[in-house]
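Below you'll find a set of structures to go through.
Same chain, two partners: subunit A is paired with subunit B first, then with subunit C.
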Partner chain A sequence: MRRQRWYTPYLLVLPGVVWVLVFALWPFLNTVVLAFTDARPLRPVSFVGLDNFTRLASDERFGYALTTSLVYVLVCVPLLTFLPLLLALLVRAKIPAIGFFRTTFYFPVIASAVVVAIVWEFLFSSTGTINSALTFFGLPDRPIEFLSDRWLLIFCAIGLTVWKGLGYYMVVYLAALGNVGRELHEAAAMDGAGAWRRFWSVTVPGVRGPMMLVSVLICVAAVRVFTELFILSSGSGGPGGRSMSMVMLIQSMGKGLNGQIGYASAISIVLFLLTLIPLTVVGIANNGEMIRDALAGRRTRRDLRAQQRAERRDAKDRAEVAA
Partner chain B sequence: MTSFQTPGSAGAIEEQEPALRSAQGSAAGGRGGRPPRMREKAYRTRGSADIMKPSLAGLIGKYVLLVVVLGIMVFPFLWQLSTSFKGSAENIYGFPPNLIPSAPTLDHYAEVFRTIPVLDYARNSLLVGVGTVITNVIFATLGGYALGCLKFRGKGIVMAIFFSTLLLPGEVTLTSQYLTVKSLGLANTLWGVFLPGAIAAINVLLMAAACRMIPADTLDAATIDGANTMQRLRHIVWPNIRGMVSVVALFAFIGAWDEFLWPLVVLSDPANYTLTVGMNYLNSNFGSNPRVIAAGTMIALVPIIVLFAVLQKQFFKGVEEGSVKG
Partner chain C sequence: MKIRSTIAVGIAAVAALALTSCTGGGAASGGGSADGEIKGTVTFQTWSLKNDKFTPYFENIAKSFEKEHPGVTVKWIDQPADGYEDKILQQAESNELPDVVNLPPEFAQELAKAGQLADLKKDSKIIGDYVDGGVAAYTYDGLEGTYAFPWYLGTELNYWNMDLLGKAGLTAPPKTFDETLDAASKLGKLGIATLSDVPSPKSLQIDISDQGKTFDFVKDGKFVFDTPEAEAIVERYAELYKEGAVSPEALQNAGTANANVDNFNKGSVAWTTAGPNYIDKNLAVNSPALLPSVKVTGGFGEPPLFVQGISVSKNAKSPAAAIAFAEYVTNDANQVEFMKLAAGFFPGTKKANEDPSAFAGTAQNAEQTQATTFAAAQMDKARVPGAPGSGYVDSMENYAKQQIALAIKGDITAKDALKKAQDYANQNVSK
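For the complex of A and B:
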């Protein structure tokens, strides 16, 4: 058998590795370094230590951005973890025309966030369809300013994110639901479990793994939100920029000739750490068994060693006594 | 900067392994043929104990729910579509909303073409999208083949490099990424938009996962028959990973077409905008007439919806067959 030349595999992975190094890892290292400098365009750079981070702590814009992102995560995660699952159960039935429904439910996912955010901006504007509907039913005296109130704007954006994400996570669940055996459902039904009970006791435990994955993906995506808030606030970040997300703050800090690149990098580092939290939590939860085992193993080994030491000491004592 | 791709493709791992299995499964099982089956009713009939099927009332309830959700999912699009055709005299703010324009007109589309160079923007988006698809498919296949089928020293390190990139959201490196692109002299060019996304780590890993499913014996047999690396890639690997290739290609295209933040940062001159940035430009600078904006968003939306509608069969087939296997 003619073997491949030794360098063939390296040649094959080379472009990918170069790309990842140049366009992901190098910029990341650069970000870490810049976070400790006062870098600005066209100016000499000097290290300022932790100044950027201490400035962050007292910067109210950063406080607003952090709050926005955390609220985003807290509201999005439960909604986008359960609604798509229900939707997946709904479109899972093999009934006529179901393919049409699945495909259409996926449209918001493939549409650009810019396009759908513009549509929502139109629907939720002070003269928009939602307000005219509310007036039609005689609810408010005057139009609700969805897009010029800090919290209403954030919740509009969250609604948009949820609406746009439904189809995507529905498909993830659709794949996962296939692995929940119908035997379990049948057995549960035999034992008298109704549909609701079977949902909580068979379906949900059956998709627990993918559910974890979905909630982590949502956490990370919610921390990274940009387009929805940017378009709905016309780039301003809401009244006084108080509805800005972290990424919007990075973008607005870093751009232009006055861009505070060092400061924007420091915010980026905080953003990175925030995205790591959910990943770590799930990593620990998933490998909890392994970690516990390892800890327990260490404990037993330690106990064992202690025991051995005690025995050796005993033996020595006895030897001394005998002597 | 690949805001869509990173979560998108992470999900695609979940979705696509079944697709791959199904592609192989249908090749193997295609000859068997299924026994003829009676046409079944979609609902549970009297005396049937198939609890996985809804009763007739349940079935009707299901359709009602489906139609309600359908309304929520497509109403904004339909509303925008209808607005784009409505004449300037027609009320677009009233309630109940009127979905059928009383006097349909194409004026607003003409207005979009007059206001912004929308064809240039569409061409720019198309160039970036097609380029991203081509480079990702080629280089991810090569890298995936090496990582999935070949043994070599340092493979663990290479895998670690790719995996570590998955933990790194593009937004974190936004500022430095821009500095990198600028130092390459590519700021405010389409190359600057395209290059960082040309080879995504996740795609290499997806291809590696697909290549791992190819039986090693097949590749060995080809080697014994004297096939070199390129021939093995062309005749053994490529037919086996085609399912994954189509998913990578579709996601790469949609991701590039929909990307907003990165082009917004890189492109400063309105002449070079891609469609998404162009739509934002149209929306914020010529925002007085919602009918024109609506026409603009339709121009950005329709191509990608059509593309998806054409390819959706492939996309959902994997999911479905995966669930049949259960």
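For the complex of A and C:
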């Protein structure tokens, strides 16, 4: 067989690299530059320094968007980290026709988010299924405004995200659960651990790695939520735009012939920095041992150097004394 | 990137100008009023008009123009209804704006400010043939010239769900805006919503004119929305909301185009405003079951005038041919033919409007005939809503609606909402 040329590997990764450069890196750098300008479509651009960022601080819509995104993270992360795990434990049981349930739980993942959100809108609108049912039972005097109340709208959207995400993360956990040894459970049971204790002390530590991954994925997705809120509020972000997410705000500020691209870019940069936080936290948590080792190694080397210096000084002192 | 593309657009514009000045001065050939030889390819773009009804019309127009002007090829393209603004922006940024293009006044304003459109007042000799209101819609503050030929005009009518109104004992639709609010209050107490939309600066202008007062919109070059009359209407809406007269969807969708019409189509709201072709084009298609219960009446106060125009790109490769074609599409005969297909709309030239019977199209539903009659009756007093040319754009209207929705829910005061809306518009108007 002929030996490959030195550039073959580079040639193979070239399409991927070009793709990333053109469609990810270049637009990203462009956004960073635009964030410091007053760019609008079809107009000359001038640099405005940090004006866009100072404007952010006084823009109440940015405050609302930030709150929405953070609430989304705070509620979605625990729900989507633990519910799929419980679901995975449930469908792992070896009982007849369990495959049917696994498939069913996975269904929402396949469906288009837009279509599902439209269905949810039918459910929750003032004349929708839920309000009709409530009225039928004579419960409220007037329809509950699920979709025109700031928090109800956000929670409807969160419900949709959780429902749609369950199946996906369940599959991740199903794969991970295969790695948790039966013998550990048996040993724990022999030591008198109940089901609850075994869940916390055996199952959870056993799937810690995937759990970290899942929570980061959810965290990043939750900060960037768009579709659910956009469809449920028909793009308005609810009264006053108070249920807008960060991405919705970026979209509404930057779109159109009159869009404020510079300002929208500044919000994008803030959003990017926000998504870095969970990534950093998990990076540290996952590589904790490596970081500890590195720190310990540095300490040892420092100690070693100090020792060597002390020895050299001693030798020098002795030499001086001898002289 | 932006800077470079702007420079590129600039260079192209200068080059186009240079080219036109080279060819200028030639004998004006028949048909077009612009100078220069009518030759070459003309691209023509319409907005959501490719269907069984309109396709033959446009194909025919292109063919007959080519026949009149040998050496000209017309390429007709149609863009889908959704995302037209983004499409236009993309075309303008990549310097590929079609030579002759259908633009609403707002889009044309942004493109004209960026120097992308030809000034038809200067380049065409027949701009005086078009209706004044339409020409005014394409004439902008701080910009010399007119940037489109008015093509088709529309207005807004009131549509009522008589079944719902009947539940409060009403046998005829309310005649004024104030009567409508009173009816809404009655219906609200029965658990029926009447108001399918929240007010906006543009709709407040109409409502206030119906009360016999005026809403300036712009005063001394600044947007002014916070007036006692506007506050009173928003406050009244807030009271009506408590009574259940405002549909929750109106608040949910505040700032979404056509949300009020979709809301009305569900059959749970008693009133909406919509264009003159609503019955045939929308209701009969989307909610035919509602047809028997819907009744149309004329718009309140000074009803809005909606204009669609045909603009010419400044970078057209054959400017003379482009202008000639734009004039051709919007000439009396072609506009009359077009209106025969578009029931409820009106031509953009003065002469074509003289005889409405010439374009009285065949309505499919009886109520559509009524709508067309009401529309024709109010075209004289209709005027472009807001303050044409002031730079007031959809994003400002949407922001205002969102704030007013909050005021209606009682989260902020009417004064705060209107003030926020006017501040936002003043801060974000593009120079």
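To be clear about the criterion, the second predicted complex is superposed on the first by the 289 of 323 C-alpha atoms of A that agree within 3 Å, B and C clash if a C-alpha of one lies under 4 Å from a C-alpha of the other, contacts with A are read in each partner's own complex, and residues count from 1 in each chain.
Just so it is clear, contacts are C-beta pairs under 8 Å (C-beta built on N, C-alpha and C of every residue); 3 or more make two chains touch, one makes a residue touch a chain.
Please read all numbers here as calculations on a predicted model, not as lab measurements.
In the superposition on chain A, contact is made by A:Leu123 with subunit B only, not with subunit C. Of the two partner chains placed around the shared chain by superposition, neither subunit B nor subunit C is touched by A:Ala187.
Touched residues of subunit A, counted separately for subunit B and subunit C, are more numerous for B. Legend: residue contacts after superposition of the two complexes on their common chain; A:Ala315 is shown touching neither subunit B nor subunit C. Contacts of A:Asn258 after superposition: subunit C is touched, whereas subunit B is not reached. When both complexes are overlaid on chain A, the residue A:Asn30 reaches subunit B and subunit C alike.
Touch criterion not met for A:Leu139: it reaches neither subunit B nor subunit C. In the superposed model, A:Gly235 lies in contact with both subunit B and subunit C.
Touch criterion not met for A:Leu74: it reaches neither subunit B nor subunit C. Common to the subunit B and subunit C interfaces on subunit A are residues 30, 34, 127, 234-235, 255, 261.
Of all residues in subunit A, those touching subunit B in their complex are 1-2, 4, 6, 8-10, 12-13, 15-17, 19-28, 30-31, 34, 87, 90-96, 98-99, 101-108, 110-116, 118-123, 127-129, 132-133, 135-136, 163, 166-169, 171-172, 174-182, 185-186, 189, 210, 213, 217, 220-221, 224, 226-227, 230-231, 234-235, 247, 250-251, 254-255, 259, 261, 264-265, 268-269, 271-272, 275-276, 279. Within the complex, the subunit B residues that touch subunit A are 3, 7-8, 10-11, 14-15, 18, 42, 51-54, 59, 62-63, 65-66, 69-70, 72-74, 76-77, 79-80, 83, 93-97, 139-140, 142-143, 145-147, 150-152, 155, 158, 161-162, 164-165, 167-169, 171-180, 195-196, 198-199, 201, 204, 220, 223-224, 226, 229, 254, 257-258, 260-261, 264-265, 275-277, 279-280, 283-284, 287, 290, 293-294, 297, 300-301, 304-305, 308-309, 312, 316, 318-319, 322-326.
Remark: subunit C residues 1-3, 6, 9, 85-86, 88-89, 92-93, 106-107, 110-111, 113-114, 116, 191, 193, 244, 247-249, 251-256, 259, 266, 268, 393-395, 398-399, 401-403, 405-406, 408-409, 411-412, 428, 430 touch subunit A in the complex. Contacts from subunit A toward subunit C in the complex involve residues 30, 34, 37, 39-45, 125-127, 142-143, 145, 147-148, 153, 233-242, 252, 255-258, 260-261.
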